[in-house]
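A, B, C and D are the chain letters, set down in written order, and residue numbers restart from 1 in every chain.
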Amino acid sequence: MTNGKSFLSRQDLLALAVLAALLFIVLPVSVDIFRLNLVGKYLTYAFVAIGLVLCWGMGGILSLGQGVFFGLGGYCMAMFLKLEASTPEATKIQSTPGIPDFMDWNQLTELPWFWEPFKSFGFTLAAILILPAIFAFIVGAAMFKRRVGGVYFAIITQAIAAILTILIIGQQGYTGGVNGITDLRTLMGWDIRTDSAKYVLYFLNGGLLMAVLVLCLFVLKSKLGRLLVALRDKEDRVRFSGYDVANFKIFVFCFAAVLSAIGGAMFTLQVGFMSPSFVGIVPSIEMVIYCAVGGRLSIFGAVYGTLLVNWAKTTFSETFPELWLFGLGALFIAVVLVFPNGLAGVYRAQVAPRVKKWLHTRKSGPDAPVQDPQAAE
Amino acid sequence: MTNNGRKTGLGSTRRGVILGAATAVALTAFSQFGVGKAHADDANTTGLAVTADTVKVGILHSVTGTMAISETGSVQAEKLAIEQINAMGGVLGRKIEFVQEDGASDWPTFAEKAKKLLVQDKVAAVFGCWTSASRKAVLPVFEQYNGMLYYPTFYEGLEESPNVIYTGQEATQQILAGIDWVVKEKGAKSFYLLGSDYIWPRTSNKIARKHIEKLGLSVVGEEYYPLGHTQFNSVINKIKLKKPDVIYAIVVGGSNVAFYKQLKAAGIDMTKEKPVLMTISVTEDEILGIGGENIAGAYATMKYFQSLDNDNNKAFVEAFKAKYGDEIVIGDVTQAAYLGPWLWKAAVEKAGSFDIDKIKAASPGIELTTAPEGYVKIHENHHLWSKTRVGHAKADGQYEVVYETKDLMEPNPFPEGYQ
Amino acid sequence: MNTLANNTDFLLSIENLTVSFDGFKAVNDLNLYVDENEIHVIIGPNGAGKTTVLDLICGRTKATDGSVKFRNRELTSMKEHEIVREGVGRKFQNPSIYEDLTVFENLEISFPRGRNVFGALTFKRDEEVVSRVREIAEMVFLDTLLDMQAALLSHGQKQWLEIGMLLIQDPELLMLDEPVAGMSVSERKQTAKLLNEITKGRSVLVVEHDMKFVEDIAHRVTVLHQGKILSEGSMAKVQADPKVIDVYLGH
Amino acid sequence: MFADYTWSELGSIFAMQGFAGLILFSVFVLMALGLAIIFGQMGVINMAHGEFMILGAYVTYLCSHIVENYVPSLFGVYFFGAMILAFFASAALGALVEWALIRHLYKRPLDTLLATWGLSLMLQQAYRSIFGAREVGVTLPDWLLGSVALTDTIEVPINGLFVMALTLVIAVAVYFLMFRSRMGMQTRAVVQNRVMAGAVGINTERVDRKTFALGCGIAGIAGSAFTMIGSTGPTAGQLYIVDTFLIVVFGGAASLLGTIASSFAISQAQSTMEFFLSGSMAKVLTLLTVVGILMLRPEGLFSLKIRR
């Protein structure tokens, strides 16, 4: 972190190595492609959770509308895939062949103008990154320049999530409505539904996640990272140190939005559809809880938190559907009351001292240890 | 689902389950004594979870979340049918065992669980889904892994998959006869269309509008409110302003309750001659929440009512109440869900095999004379031929059947001229 | 406007400054001037509007009327960070430091470079930064505690750290709100020494209650009462002013 | 759209639409008053507010069942008793929640949001386990159903009038409680300066608990009243939460009068737009307008200029 050295400390490298080992070796070896695909799906939420660590944990800006950005990314990708799946041959029984099926059912006779550019993969990729950033910039600039923060920001972002959901559902001719955009088949001619494709997508997703983590570490280790911590603590002091506080908040909000959108796009690719149920209030709040369970200050914690909550959800909801909601509710409360620092807090208190000791005794460098620490920071 | 998917789905192989085939064959090869029992390896060439004595099927509905309200009845009906089939000796001499999964009102969860049922549990058929969104989410899974889904809900149509048997009515079946009836019997000239804002009400109202306009009558208003909307006073005023002969309402869920209570409170008396309230979204299940006194006088068009007077239905209602208690009510979807296991049994027996592809091929033309709703038959397009009935809501929460179509209505999921 | 309006001799000139909160005038038609290299202290009873004056200068509170000119540039229309960049530093009444960061990081963040988003991302902790931080830390008696988390400092040390965070920006006008509140006697002495030292080359505007301390440092004293100036001049002069005595000792 | 109608018809429609707006206004005020106290006064983001309302609705449902089956003679008036019971049930649960959960979180408002969201999930599941996943129908006395015909063409729903009257009573009661009673004074004192209030001998913990319970109790009454116009199911509370928060924030969180003003503004906007546009778009436009105005004026309609 100091001048000249890499911004990655030994601790960070170890944490990255452990996560990489888990994602790229342990999981692919130990579970079948069906479960692995599920893990891949969960990991797409981890992008959102990481964004929330920066935005909420570091910057103190709680957004209850991250689903909006997840959805934007997911819908962009889904639009591209849907157009590819809607070739004139594949849709020749429609009244207007060549447009997505749901448009045909809604009497659209030509592709709406805003769908046109999504025929291009390059544009789609750009849109996934840029659209959420623009949207987040507008919302962020409007709110942070006027110093709307904390609770108000949370509630307004929540309202935005609600508005967007109603809009997507209501405009079903253009968006696929409540069913979403379904039946996505190929990406540039490559069938994404096969098992081999699922493997490739899983590793691509994992790789992106690692890249995002490294990027986040860079941001956090820069002065900007320290500024965020400073901001959360004493906003006025930062302002009276000559910083335009709003710009930093806008930046981190946009950054988190872009991360969410990447997660959304990967979600669409791996799951094969996108629907408004990932945009609304409930998924947005659930994403916050992933982040809280992991420890709102730790980007690695966010990944483990996401995996843990979703794993618990899948397992417990299979066996005790009744108990699951009680469990999830209790988890929310416990995280707030008992473990405000989540898994990362537990790790720091219990495991980190030992790892540190281990690192000091072994000068050979950070080989990935076999055990699976809960979280690292 | 596009046409292309249907075509390719038929020919696709069972990826991912071939491995299991050998095991299943080995397991079952030792126990083939029962007289008249098809050999397991004959009956099942694709590695499904079929032994000499049992066959595994899946039940996939929401037990938790917002949709649990609606899907409970379907789960109950499917379990009842399976129990009855087992009591009769099972399917091809095998007892049905079911694996139940919770879709948790969440569409990816549905897809995930559907995949689990097909890939891990290797079930021979799945009875499940309720909302269109959940069906859309699982459909690619069923086509990719070549599974069989029996889907119970009346829905908007615009879909036809070889891997799905639609045991509920598609929109034209449900709508056209009802509108014809209200035009003929009530002299209706003008309609006000209203619905919750999602695909089923919108598509259904579109079909209704086309039909109404074809008949030379007028639609004086059409409106949609977000799911969960609870304030209908403004639209009720608009209805009062337009004075339609028929209020055609496809409101669902919590909005339903609010809508009918407010309609009644606003002085629109459905027991009077005009306006007639006609709905396709309120079954006996929904009336429980709305309250019979709030909806008494409304007309519903669907294929089944609990009060249907025939022997099949009497036996069904009796068995249902014996299993789930006297208080229980049975709606259209519950009955359709009940048909699922029976239709599957008939198809398996006709094909002499649990093989998905053979069942697909055998399904069209299958008849069920024992259905509570009466005679039904599977159409080429995997929907059911069925009669459509008009029920008149009574204050006790039941419908009185006032009309039924003479002939079976042909299912037409892609209706020409209505799209 | 009076003849002073365009006077450029003063570093800071406040004229006809008024702010009202729902009709209550916390500062009422105030005129106040700060010279270069002057330690100017504002005193007054509770609720006199002392802190509000500082808030108005640094942009934390928007004036209802009047002007605040710094080097002849109008501050009232500027945003807080712009005012800071003009060369006005402000210390708050309660020590306002970043508790989760180390002393070093606290000072480093206040170092006036990389103040926009991109700059902060690419900011390098180079020799210049490190030596400047050390220099300031020594000045505010914290040179041995650079790696300590700021939350662990004593109250007095936190006050010093905040002063240090201002000094590293090298402001021309330093505003301190009760810098010695809660300090021990020896800390006060050190602080007085510190203030006398740092005033070389800059002006300091101080709000303070501690009369002994004011006597030690003040070049000029303004007594504020109910948002207006009651008396102004040297410490000895205002102490002898009967109006001041009345306000402080009367009823 | 109005070409075919006579002036008198139009007049009565607009009169009825005016009433519809007023009813919506009353519903909003009922929904939001409890939250205005809890969120606006105490700063607790109670995401379980809807579930407290539904508790009131379920209490009403139980009352209707019991009275219908055991003392049918009282059926005509049971609703009043049910509302009082609903108040106390929700208030008691509120006090319990405050004791177990909220009091640890007064300094972390955003965390109250998460914790109460968890609470709302648990309450939903509890309702589902106790009352079943299906919606329950609350039987109402006949006099509450139907409408009053003011003229030949103007009809006003009785339950709407009832809600309006109830809202008025509750708003007045809250005004007296918060601004004219000792408890209100203490509450406001605690809100403004907890330490000082404690120092002058106010039992701040008790005041917190009472205030929170009061907010929840009002939610209970609202829930009870909404059985007349809405549905009662385990997840019905979720339907109200976004609207309710927006109303309170839009009004300026700290001001009870603001909550009433914003209820009025939003209800009139929504009911007018619903009349001229289609339902979904009206809702989207209303929400967008509110969010847009909040972005331009984040402090809401009513705010105090505070000297910092």
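We take it that contacts are C-beta pairs under 8 Å (C-beta built on N, C-alpha and C of every residue); 3 or more make two chains touch, one makes a residue touch a chain.
Nothing here was measured: the structure is a model prediction, and the numbers come from that model.
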Could you name the chain whose Cα mean is nearest to the mean of all protein Cα atoms here?
A
On a CA-centroid basis, which chain has its centre farthest from subunit B's?
C
State, to the nearest whole Å, the distance from the C-alpha centre of subunit A to the C-alpha centre of subunit B.
36
So what's the Cα centroid distance for subunit B and subunit C, whole Å?
74
Averaging C-alpha coordinates per chain, one finds the centres of subunit A and subunit C separated by a number of Å equal to 44
For subunit D, residue numbers touching 2 or more other chains are 125, 128, 280, 283
Multi-partner residues of subunit C (at least 2 other chains):
60
What parts of subunit A, by residue number, touch at least two of the other chains?
166, 169-170, 322, 325
Mind pulling up the subunit D residues that touch subunit A in the complex?
39, 43, 45, 101, 104-105, 108-115, 117-122, 124-126, 128-129, 241-242, 245-246, 249, 253, 280-281, 283-284, 287-288, 290-291, 294-296, 298
Quick check: in the complex, which residue numbers of subunit B touch subunit D?
63-66, 68-69, 72, 197, 222-226, 228-231, 233-238, 240-241, 253-258, 261-262, 264-267, 285, 287-294
Within their complex, subunit A touches subunit B through residues 33-34, 38, 41, 85-86, 89-95, 101-102, 104-107, 166, 169-170, 172, 177-180, 182-183, 193-195, 271-273, 275, 277, 314, 317-318, 321-322, 324-325
Touching subunit D in the complex, subunit A uses residues 56, 62, 64, 139, 142-143, 146-148, 150-152, 154-156, 158-160, 162-163, 166-167, 169-170, 281, 285, 288-289, 292, 322, 325-326, 328-333, 335-337, 340
So in the complex, the part of subunit C that touches subunit A is made up of which residues?
58, 60, 79-81, 84-85, 89-90, 92, 96-101, 105-106, 108-110, 112, 114-117, 120-126, 162, 165, 169
